[in-house]
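There are two complexes below, and they share chain A, which is joined by chain B in the first and by chain C in the second.
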Partner chain A sequence: MRVQESGPMALLFQRLGPKVLIWFTLTFLVIWTATPIIWAILSSFKDPLEIYESKSLLPEVWRLDAYRKVLSMPGFSTWLMNSVIVTVVATIVPLILAILAAYGFARYAFKFRHVLLLLYLIPRIIPRVSLIVPLNDLMSDLGLINTYSVLFITYIASAVPLATWILVGFFGSIPKEIEESATLDGANMWNRLRHVMLPMAWPGVVTAAVLCLREAWNEFSFVLALVNQTDMRTLPYQLYMLKDSMGIQDYAVYNAFTILTVLPLLLVYLLLERKVVDSIVSGAVKS
Partner chain B sequence: MAEGYVEYRNLRKSFGGLEILHGVDLTIPEGAFAVLVGPSGCGKSTLLRMTAGLEDVTSGEINIAGRMVNNVHAKNRGIAMVFQSYALYPHMSVEDNMSFGLKMRKTPLHLITDRIKRAAAILKLGPMLDRLPSQLSGGQRQRVAMGRALTREPEVFLFDEPLSNLDAKLRVEMRAEIKALHQRLKTTTIYVTHDQIEAMTMADLVVVMHDDRIEQVGEPLAIYDRPANLFVAEFLGSPAMNLIPGTIAQDADGRFVQTEAGLRLPLEPEANGTVGQAVVYGIRPEKPDGRGRGGRYPPGHCVGKDRAVDGQHEAAGGVLPRRRGRAAARR
Partner chain C sequence: MSHTTPMVEDGPTGADRLKPFVPYLLVLPGLLFVMGVLGYAVVGGIILSLNETDMFMNKTFVGLKNYIDVFADPRFQAAMLRTLSFVVISIVLGIFMSMSFALVLYKVVRGRRFFRGLSLVPYFVSGIATAVMFRFIFTTSGGFVNTVLAQLGLPAQSWLGDPTLAFVVAIMANCWFMVPFASLILLGGIQTIDKDLYDAAAIDGANPIQIFFRITLPLIKPMLGVSLIWVSYISFSTFDIVLALTSGGPLKATELVSIYMYELAFRQLNFGQGAVLMVVLLVFNTVLSLIYIKIFVMGDRRHSEAGK
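After this line comes the complex of A and B, so read on.
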């Protein structure tokens, strides 16, 4: 048998090597993802010319002019409200539908269960661009173009499969005996779902909610195809329109708009992230 | 004690075309502690789950307290079940776990409080009522599971291998606690286990199951002393019963069993069988009655105060009679 000699350097590498590798990878990923956001934040405080001319990343003078311009845009509160309304509905409704669907898929044995679950994925598999023309035709025929309804329908239809797939996994991982125990305790299906299954699948519900919320808040292609009135635009749509309407691109305003668009989502993430992680970790260590 | 508190009549269970319970007939008297024992996959848990209403009955009848419950919903059968995995609600405190069933049944609050207090006192759960299951040890969790069943004041308790997840010491303690609880409440109990020690020490009535049918029903000692067939004889008892093939013979002293190697084994007068019939003679390891003398017994292995020995009797013709004796005596 060959025994490898290990000197102090080899031992040090053995001990610290994996940690250094992990830290290096994480640092690289953080820089990779955070750089554009940091650039956008810093640029939003600069003068438009300074963005092009200055080689410094930091602004010479921290200006709030771009934010003032964005907030004083005549339609900003309307676009913000549109985004909020559509997002709230397109988060809550798919979540309720997905909870019911996922519970059924996870707990009840019925014919073609797996096929149906796969069919659920179709809206996610088909490229969204290919849906735009037929959806536009259909919604025009139904007279729903430029209404909240058209956004609700499309956003909800898009979010339900995502949330269902996430929740099926969470519901499925709850031991069957716990639900059987609740059955023997006299709980009917609704009570089992409400008092036992939902609290136990809470990390999954929060995860699904955050993803639905993010998807609805950032959605762009459907709103672009199904809305053409200025007062029905959402924030991502208006952000896109900003580029054309400005003539010369005012990157400071553009970035300030981006930051204001991202900010609510970022706050929700920061608020829920700890809860989600805590729930997942505590669920993992409980026997 | 009324007869037949829990009765099974030709009970069958099939999954698709596969029958996994072949016509079970069994009567469990009121207040009895019946233990369904058998190897894994013998159908004992299926029988228990059918009793609970968690599995449908394919054919046959289940009667509880004189009422056919085949089509009665699980919550209305008057049963409470303790699961192998405890099946506690991890997000609820001990108190909430115990009161959940009562709340679902819309029991008045003062009654809920009374019952929880009583169950907590019996099971020594008082200081733990505010804790979550994850903050309890295995034994404490098992007691909470029992407490949850207890607060329901059921007509029948069902236990599905409740001690399997506990260590040996705790298992012995919990065994005694469950038995004491039964003696105190006198509620009809059906207990499933694959552990024959649990069956022998806890049961008023042992039901030995094998290959999806009942092999023998009786009091623990009666089954141990007079197993109905080879499976029961081999399954119950550790070390297992010595089984020696032979033929019934007779001389002036009466009937006896003649082994192929010429060993002469006495037969009790009331034993079944006719002269010339091929039989298997069973001897419990702790009861050699001198019949084992003449064998060569190697040192064996110590199992606490006893020493189990595998040896070969000179006249047994390749059969290895197992003996059990005091460890000290062998040294």
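After this line comes the complex of A and C, so read on.
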């Protein structure tokens, strides 16, 4: 609680204090957010020995050796393909299931509507890592360890509730009158969904898709628990395994691998950043 | 809501008799799939926690024996206390940072889009990549911090070799990953506040601190609840970040319940006791979420209804 003072310093502080605080916080935000990524990028271009000496922040010579080494790893294309396949399936299937469910919740009044909607929320408060113990046991019994199916099943199950909750909000905010006029024009449910609801809720569909993509691309605990063959690993799993599999720590390779696993998703995010940020800020996405 | 009445009438397609079932046909496939997998896992886990398993996964029912053993296990007790302090510190630091970022992202005018876009980037970096990046920030030879210290002529520190420092670094990595989403949620709340309220308060001579506590904070209570749920959910179930950052070390200084659960089940192959830890994580997280929902969402609704 600052008391009104008339000294010139106090006046200066009162005028500038908030501005300085804002700029300080903003600078901190930028440094805090960017440093780990920029450091990984810089280190990935360095010589491994140069990293050990920790003399300068910038590479002496910008080398691509680390990237060449990563791309020529015997399994790299396999891990990349695994990640892509699992991510595509675990984005498209949950989206379809969620679009149907969200349309049902947003447009119909029916018995148990609230209970069913709540049931869709519960999975979001279950810590996913806690499920790895029983899932490993159950999936072993079903003989599904080291298969794509087991990754599809678990990834889809964890993405559907997220996508549904985002889309219920977006569908619900579209005025019913627009759909009713489409009904009068003879459009049935599928046509209304395709030609009215989806185009109008497009930012929501994009956001849901990006967040499903994010979950699947970055998922680690399920693949750790349900896969143990080298050729079934995804990129995050292999990144984790690098720690043990490299005899002498080649930090440049390690950083290059990290950048390559992070980059594809960041590019998707940068392309669709506006829609995703707006959706989260507008409160349409809640954990 | 006694009948299943569609709000929108279907066109005369002849499928009238199916109509009452339409919403269920839309809603249930996804739900049955989710419940099938996750419900099966939760129930399977609870059953597993009541059994003893051998190396070949043969199970014998032992009742509550696993629970008694786990709760008496000093290593579990230490992991539990560690998790609680990890969660509490993460929540306090995480919410403080989220709130600061949200306020500053609200205030900034020039480059607003850029700063908002940038602030969310860590949300898209996987937990493993986050951990690896933080290892190279703090690693002894070649880490960013020690390189900066060397340039300043200061001695290098073994950040990840010291139990206390490693715990702090783990919390920082956790915050780096979870703060962005929470701050955008809070920003959404701050944006909905009517600017006239601020102007009126400023005219009445309120200072920024008073304005924050009397106007901003009460009005974003529901958003604060949502971000609290997010922050504590992430902190409680932190696993990949800590596993890849420190593997629970040094000297078990960062061995959280989730890490010990993985160790018990997948390294020691004691699935029964591992499942007990799963139940512990589940119960704690659910109770915490329910408390938040009761305080922030329900409480707020009752309050606003009473105010009408």
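The definition used in the following text is that the second predicted complex is superposed on the first by the 244 of 287 C-alpha atoms of A that agree within 3 Å, B and C clash if a C-alpha of one lies under 4 Å from a C-alpha of the other, contacts with A are read in each partner's own complex, and residues count from 1 in each chain.
The definition used in the following text is that a residue touches a chain if its C-beta (ideal position, glycine included) is under 8 Å from a C-beta of that chain, and two chains touch if they have at least 3 such contacts.
The structure displayed is predicted, hence computed values, not measured ones.
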{"item": "Clash or fit, chain B versus chain C on superposed chain A", "value": "fit"}
{"item": "Of chain B and chain C, the chain that contacts the larger number of chain A residues", "value": "C"}
{"item": "Touched partner set for A:Glu180, first chain B, second chain C, both or neither", "value": "both"}
{"item": "Touching partner for A:Met232 - first (chain B), second (chain C), both, neither", "value": "neither"}
{"item": "Which of chain B and chain C A:His195 touches, first, second, both or neither", "value": "first"}
{"item": "First (chain B), second (chain C), both or neither touched by A:Leu26", "value": "second"}
{"item": "Which of chain B and chain C A:Tyr240 touches, first, second, both or neither", "value": "second"}
{"item": "Nearest-approach distance, in Å, of chain C Cα atoms to those of chain B in the combined model", "value": "5"}
{"item": "On chain A, the residue positions that both chain B and chain C contact, one per complex", "value": "180, 183, 186-187, 282, 286-287"}
{"item": "Partner chain B, residues of chain A touching it in the complex", "value": "175, 177-178, 180-187, 191, 195-196, 199-200, 202, 282, 285-287"}
{"item": "Touching residues on chain C, where the partner in the complex is chain A", "value": "1, 4-11, 13, 20, 22-31, 33-38, 40-42, 44-45, 48, 57, 100-101, 103-105, 107-108, 113, 115-130, 132-134, 136-137, 139, 141-144, 146-148, 150-151, 156, 176, 180-181, 184-185, 187-189, 191, 207-210, 223, 226, 229-230, 233, 236-237, 239-240, 243-244, 258, 261-262, 265-266, 271, 274-275, 277-278, 281-282, 285-286, 289"}
{"item": "Residues on chain B engaged by chain A in the complex (per definition of touch)", "value": "52-54, 74-75, 79-81, 83-85, 87-91, 100-101, 104-105, 133-134, 148, 152"}
{"item": "Residue ranges of chain A touching chain C (in the complex, touch as defined)", "value": "1-2, 18, 22, 25-26, 29-30, 32-37, 39-40, 43, 51-57, 94, 97-98, 100-101, 103-105, 107-111, 113, 116, 119-120, 123, 125-138, 140, 153-154, 156-158, 160-161, 164, 176, 179-180, 183, 186-189, 192, 214, 217-218, 220-221, 225, 236-237, 239-240, 243, 251, 254-255, 258, 261-262, 265-266, 269-270, 273-274, 276-277, 280-283, 286-287"}
